[in-house]
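Same chain, two partners: subunit A is paired with subunit B first, then with subunit C.
== the complex of A and B ==
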């Protein structure tokens, strides 16, 4: 009797969850993603309601004009979570859970493409004209000559400064245009002395600024074969030297988190910033600073061959997955993000989404003066900057390289030897590469 | 208390008082932040503002809070109820019944605590995809209903359960199921409360697994909603603070209601 009851207790414990599962509340698993086609619906994973989700919704409207039955199902998925999902689906080979289209950070593109080739569709011959995008941008999503992505927002880097702060120190935005980092250092120290405001800020332990400097000279942490070139990299050494000097002289304030970084310029505790053009959305949240901002290009590295005043940080591209209704997805992208001036004219003013699609730059909308930036037509300038940005060789281990360099920078600023810290970073990346 | 002993205790109270202020400050900032605009939050404004309703309207416009709250409640309550049933039976069984292999089985269960979730996520996803449970809230509940920690907690607490009661009940003719349901469960109320609080909070805050297995917008949970709010190029910090406040309230209420029983349960008291 006792034994029977024991078995009964265990059986109930085991059966209950199963029974509950069978009793329902399971939604339709298995039909999440793209599909074989025919239903005129595309599923998209992307993450910013004010930016790329909005752009997708507008693209849906544009495409619906010729295809009234077409619908998009947009699943809001922050980038970090999207990467986790993509990794899980690709590694578990459950690729039929992928959507038709997803948005990919440009810096992560090569890594995902090389690690999970089964997850994406080659769209080279899909009718999309890739020559209408800057090569530096399509390079992110190209592997062995095949195209896998349609570039969306530009990560073109800008220098944005408070004109009132500059004026207080006797400068104008022109004094910060087409300059070198050593000129910037001198002027920024002068601004700091006269106004008490540093010109730049950034997250401690982040290598964003170094990466922008590297790309501005067409340099990278890897060679063409993907081998790390962190040790004995003269451009990297120069960039770290410049960065260390900026921090030590107080013209670049290091903060602990992204939120603190945003608050440095929204609160007006710094007089400027250097970042991807997408940062203008955050700048404009500071209503009280309207009319006091201006945008220009970046300082360039002194004495480095190939150095320019142009770079990029961030940016993203649309990817057609291997689970997609490929014909519909590519036709949709070809007629919207790679073919509709109307789309870019709508999304630029509302979302600040600067196009990579070159024909969009000719539109009048790009030439409109913005009151927040003292009447400057910043987007026309940014499109012009974008055409000058050198290509960036990211490779599979881009993020590992960045992390190792970030750690090295922290040590170097703390007083460690530059050469040996970079050798250590090189060894770390080589170890990660196996 | 005499005057001297009060004086002697004063530094201790002062220390605890300051410590309390430090601990409560983030909560205060969250509440105040939810009434301020994004720019005010970034400016670390410490007094309540007038943007609460504006933040509320923006939050409900941007995100489906109702469905996220439902999903979170469904998962948290479902996990808690099932985990308490399964783990209490397991813990009770491990302690009360005798078998040669039980300690070895317990050791294996405890070993499972050492495996990080990231290592099991991919095979787990394969299993649930094969079962057709992607996008089902049950896919979040099922892996959480039997945890080594809860089994251990119930087993440890069951040690204090007097074997005399068990024998007396058996002599009175109660079967094993009735002994468990009518004697053990009421006696171990404090342990159930402690285990309930731990499970509810873990389930409520669970992020990584739901984010992977729940793909559609309609089944997202509160932590996923908060993650969405801070994912864009521009974050509205007032709205974010409000969402965090809404997400924190249920866990706070559960903890405050069961606080006393929780403390008793953790130290293994039997009433």
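== the complex of A and C ==
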């Protein structure tokens, strides 16, 4: 008896630590991934409840009309996290944890496609008609002639201004349409002097504004072979010159975070903005400013050949991953984002999701006057702008280039020499590519 | 009997040891092998020469900048924090202090706050239209772009670190003070030493092992600093406040994934921690 107790005690003693440890390990191996299919369910990663998640939910409803059993499982994943998850899974070859469909920033498309080709599915011959999208947009998601993405939102850039602020200074929206940056500078300084309100704001250390200016002139940080062209890039120098002047004269307020940026115009401390059209969702949260906004095109760079009043910022595309139920996923996309006017008619007015799908542009919804924008049919205008946007050469090292230019701008505004700062940025990008 | 006790001991040690080997040492070796490879994404090959990634570090201006930043944090923040922690611990150890538990909790509480949330709170406080500028405005001080200028951004980051970690280190000193014999303090007082002399000549020498421990822990922590750099300033402006670990993350996840180079960076951090800990042990530990 005594002996057995002893053995039992030592057995427990031996087993306890192991049990303790193992209980720490157990976790729900939650099924995050997509799947080989058959269950009529697609998993989707996307990030904005007011925008692309909403659009996906509406797409689900559209597709359910013919496929009542169909369901979507949408996992809200902020872009930064999505990129990190994608990198981690692709790097560790755990591709079966990927969802069926994920949303990809157009600017990051080439980078991910080239680094992790085995995480994507070539959907060129899947029945989706890519000729119904502008080529400038499908270029983001095309590699060696194969298509890997269905364009979702256009990042067409708009200039949006508070008409009441402009009126106070004696201007109308027409005074800010089809102008150049030097004209903008003069008028914005005048508005600032008369109303005390700057017309623009942005995040310090972000180069969104510069990138929009570059694209508006069809220029980029890279040449056709993908080599950086940051040093001795006359368009870039011009853009930085314009930007520096805007900041120094006080008509462009630099803030430090995205929330601060949004609050500059929602709180009314700034009288306008220039950004991708997706920003209208944020503008419209300022109920007290209803009726006081108008939308127009961008100022263009002076003395630059090929300069236009049109550009883009952002924009994203749906990706079918290599882990997807490919037939279901492509059929779903073909019948919704690449084939349903009804879908775009719903998501446009609610979420400001301006379609890249050309047939959607004929819809009446685009012509609807919006009260928030003083009765202007802004989306019809935006679609017209979109057709004019020069195509953008992002390349694989787009983020490296943009970061280096951001750092250079910060230094230049701090008083450093423009040429040498850009040469430094060029060296940084060349180093990163090495 | 001895043997059975030994076996029981090993049984308790084994799972932890196996797990440490599996989840710590094996990945460390894998990371080292990875650091000898170059290429983007999954397209990795052994570099030529093998130490290419390490060689590359010497030409990397951003890496040098982040190294400088990290050492600025280390040199300024760690001594201030440890001295503050020691003084606070000494004050709280006073047997005549009232509401001792309250003070201890209050000073330790920041250490219970998540790194991300406190960073976000600091970011809000030091925003251009944040609390700090509103407060300064009361004294007619013009608003400061705290997170937008290199020096002030680093200052805010150091301030955050001090707030977050001083209480944590204070607990170590409080524990250490329990081992300081009261009679030595009384003896000093009888010999006519004032409060500062007692603290400096009697208490501090007896706290030496704790000072060593906290110094190594803090050095280690600061060299691996990530959350504050990421959440408070995003490393900005122009990399002026980015820490080494933050750069490592950028290289691996934000940019074209270069995991070989990232792994090399992590080994440099490891080597730096090892060297600094070794120096501190040499200087501080006089036990043999």
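One rule holds in what follows: the second predicted complex is superposed on the first by the 403 of 434 C-alpha atoms of A that agree within 3 Å, B and C clash if a C-alpha of one lies under 4 Å from a C-alpha of the other, contacts with A are read in each partner's own complex, and residues count from 1 in each chain.
In the analysis below, contacts are C-beta pairs under 8 Å (C-beta built on N, C-alpha and C of every residue); 3 or more make two chains touch, one makes a residue touch a chain.
Everything numeric here is computed off the predicted structure, so don't read it as measured data.
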Touching partner for A:377 - first (subunit B), second (subunit C), both, neither: neither
Which superposed partner A:143 touches (first subunit B, second subunit C, both, neither): neither
Partner chain in contact with A:278 - subunit B first, subunit C second, else both or neither: first
Touching partner for A:83 - first (subunit B), second (subunit C), both, neither: second
Which superposed partner A:334 touches (first subunit B, second subunit C, both, neither): neither
Touched partner set for A:91, first subunit B, second subunit C, both or neither: both
Subunit B and subunit C contact sites that coincide on subunit A, given as residue numbers: 10, 13, 17, 20-21, 84, 88, 91, 93
Subunit A - residues contacting subunit B, complex: 1-2, 5-6, 8-10, 13, 16-17, 20-21, 25-30, 32-33, 47-51, 75-76, 78-81, 84-85, 88-89, 91-94, 97, 259, 262-263, 266-267, 278-279, 281-282, 285-287
Residues on subunit B engaged by subunit A in the complex (per definition of touch): 38-39, 42-44, 62, 74, 78, 82, 85-86, 89-90, 93, 97, 121-123, 125-126, 128-129, 131-139, 141-142, 145, 175-177, 180, 208, 211-212, 215-220, 224, 227-228, 230-235, 237
In the complex with subunit A, residue positions of subunit C that touch it: 4, 7-8, 11-12, 14-16, 19, 40-43, 56, 59-62, 123, 127-129, 145, 147-148, 234, 236-239, 252-257, 259
Residues of subunit A that touch subunit C when the two form their complex: 10, 13-14, 17-18, 20-21, 83-84, 87-88, 90-91, 93, 111, 114-116, 118, 204-205, 254-257, 260, 396-397, 399-400, 403, 406-408, 410-411, 414, 424, 427-428, 431-432, 434
